[in-house]
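Think of it as A, B and C in the order they're written, each chain with its own count starting at 1.
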Amino acid sequence: MTIGDSGKGIEVEGLVREFKNGPRAVDGIDLNVAPGEIYGFLGPNGAGKSTTVLMLTTLLPPTAGTARVAGFDIVSEGPRVRSAIGAALQEAALDPLLTGNEHMRLQTALHGIAKPERERRGRELLARVGLSEAADRKVGGYSGGMKRRLDLALALVHRPRILFLDEPTTGLDIQSRTALWDEVARLAAEEGVTVFLTTQYLEEADALAGRVGIIDHGRLVAEGTPAELKAEIGRPTVEAEPRDPEDQPRVAAVLERFGPGAGASPRGAAARLEGGESDLAEVVRALDAEGIAIERLQLHAPSLDDVFLAKTGRSLEGAGEAEEADTGETEVVEA
Amino acid sequence: MTGSRDIPADGRRREGGAFRAIALAVAWRSVHNFLTNPAFFVPALVFPLFFFVAFAGGLSAIAKAPGFDFPSGYTAFQFVFVLLQSAAFGGVFTGFGIARDFETGFARRFMLAATHRGGIVAGYALAALIRAFVTWTVLTTVALVAGMQVGGSGADLFGLFGLAVLVNLTATMWAAGVAMRVRSIQGGPLMQFPVFLILFLAPVYVPLALLSGWIHTVASVNPTTALLEAGRGFISGEPVTVALAFALAVTLPVLFALWARGGLKRAEAAG
Amino acid sequence: MNSTLRTQVGQLAHRSVLRTLRQPAQIVPALIFPLFLLAVNSGGLKDATNLPGFPTSSYLTFALAVPFMQGALFSVMNAGTDLARDIETGFLNRLALTPLRGAALLSGLLAGAVVLGLIQAATYLVVGLTAGAELAAGVPGAFVIVALSVLITVGFGAIGLFAALRTGSGEAVQSLFPVFFVFLFLSSMALPRNLIQATWFRDIATANPVSYLLEAFRSLLITGWDAKALALGFGIAVAILAIGMFAAGSALRTRLVRT
């Protein structure tokens, strides 16, 4: 049996998921992920990321639209899709009473891996994620990072061509997160695995993803490489901190001549430069002309948060929490 | 400055006011949740009624056994057991609620707000008692409608329900002590099992005199037996072992209040 | 690649048995609680044997049937809460992403119930007989008792699986305990049906299938070989199993809406 057509990635057209008496969690998404690509799916809590993943992994039928994963239709060819994909979903989905080895044994057997191969494959994957020493301990005693690594290893037992990772590093410390990033990058680069990664962390999308799709309220609001998306916004931010704190309003007034105000440190002021980086020299001259002594001057390149802000009027970080308090009216949250 | 009510004349008055305030707040929340959540309210009513119906209805033939001569009939005989059982389990279920509050972190809210933390435990106990009164009202009404004979006077019935109040308080203090030590709903069986044991190793189905063997031996030393016999004496109008029963019923809540206080200190130390 | 049904059932059964054995908190109450009640009730209700028409002079023998039914209650809870935990943790989704078939999942999950049923039945029988209960049907009767007990445990376990799949919540499964407890009480648990005085109670006990399960056990303990009682008991046990599996299968199809 072929495990998917290795020439095909993920093709989604007009995907919709409606819940009874609820909002449209996914409201008509179109996207394409090429084989071997790492695609970052970025958005705040409640944006529709996990619902999209559940549909693409055949665990939730769509209300409308179509999608093909590894060349198979997610509705009519569910079993074939499942044989071609691996998934580490939002919960680590482990049995606390089983050991790492026992999880491997179960997963390899359920995927029909031949008996002689099961143990070898299990050992190889556990070693790859750094869990060899803990393999005989019950998962209930694992740390959060260890659980995530085991989760990833289990998703790879049957050598899937496409890997779905739903917020894989949420709640992990920086070392665990970096280790997971390294493994994901290696899978894509060395084994050609297509990775569909959902995250609410900007730096994760920036670090890993070749292309990023930004989802908000169930819709794709932006798509492209991180560099392309940032260039679209195109406006760097200059931040200046005066030596005398009482000069702060004067600094703000000067900067505002070059573009709208932006978030700054408590003692400084910032503005987006309408004219781009080339305006920096003018900013310095203007501050000098006003006789303001500057302690610190910084130029910030746009971030994916800036992209999100530009597209939705809200900041990505904190947008999810704001949505939870939403009474149903759209609320613009100042960046 | 705020009103003079907030400025006590002496430290003790502030403490008493604070104790009462937190106790009433905790009790209000507990009773409110109980009355507005069918998941809490319904089992608390249904279970005692069910036991009453099952024991008094299903086992009524036992009253025909030789030597069984309870004057008020088997319905009244079982009513007393079910009353005390519901009192005890009401306290245990309060303990479940306390454990849940600690597990979810809600109890920390009380701990932060209360200047006198003993008021927290008092509040839970007050709530347990209010909930028990609701249950007893329904239970007693059903028993009377079912034809239960009451041979006792008003004073006797006051004594019966007084015993039930003290049993409820004892069980609440026991369960609270466990809950505050374990601080997790996993402590549920630990709260429940000893109470179950002590209730059922007593003359549940027949009087003590009709028990024999090991169960007679155990029941003879079980404090529940004295409480049951006194309660059954009250309802039939022929009080027995009243002094012993009330001595136990008053001592046990005091002892278990100390147990609960120890639990509170452990919870405070754990943060 | 695909795994055979036998491999799937085997793997899940293995996991189910491991999980059961690694949770003493599931096994110990299931053994101790019914035995405790047996001791209390056989002591407290001894005088019932003096009632005219009581089928035996040993209330212990009469009451020994009850732990087997109480054990079935624990099976509902244990099987149900284990599966509910799998649903809550997302482990069921993990299984759904494999070629696993629904029938294999249910059968495998019940393997733990079979093991628990065997342990329970053997324990109740050994303790009861040691304490002085009679077994009119002799050694062959003991095997039939164990077989009936396991059948009932698995049947009730299937009901627990249905509850878990329907609700997806361990707490909801546990809230069923009182419901089943009621079924047990409103039966010929404490007295034979013909000696229950209250007509309404007797009528309920007559309509309650649990009464016939109890009476099947009692027939082996008190009478010996009563074909009618055994046929009724086994028939009802099989019916409970069939209904439980059907309901669980249907709930699984709804829960696992994978395409």
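Going forward, a contact is a pair of C-beta atoms (placed from the backbone, for glycine too) under 8 Å apart; a residue touches a chain by one contact, two chains touch by 3 or more.
This structure is a prediction, so every number in the text was calculated from the model and none was measured.
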Far-end chain from chain C, centres as C-alpha averages: A
Central subunit by CA centre of mass proxy: C
Chain centre separation in whole Å, for chain C relative to chain A (CA means): 48
Between chain B and chain C, centroid-to-centroid distance (C-alpha), Å: 32
Centre-to-centre distance between chain B and chain A (centres being mean Cα positions), rounded to whole Å: 54
Residues of chain B that touch chain C when the two form their complex: 39, 43, 46-47, 50-51, 53-54, 57-62, 64-68, 189, 197, 200-201, 203-206, 210-216
Chain C - residues contacting chain B, complex: 25, 29, 36-37, 39-41, 43-48, 50-51, 175, 178, 182, 185-186, 189-191, 195-198, 200-201, 205
Residues of chain A that touch chain C when the two form their complex: 1, 3, 57-61, 74-76, 78-79, 81-83, 85-87, 89-95, 97-98, 102, 105-107, 109-113, 138, 154, 158
In the complex, chain C residues that touch chain A: 1-4, 7-8, 10-12, 14-15, 18-19, 22-23, 86, 89-91, 93-100, 257-259
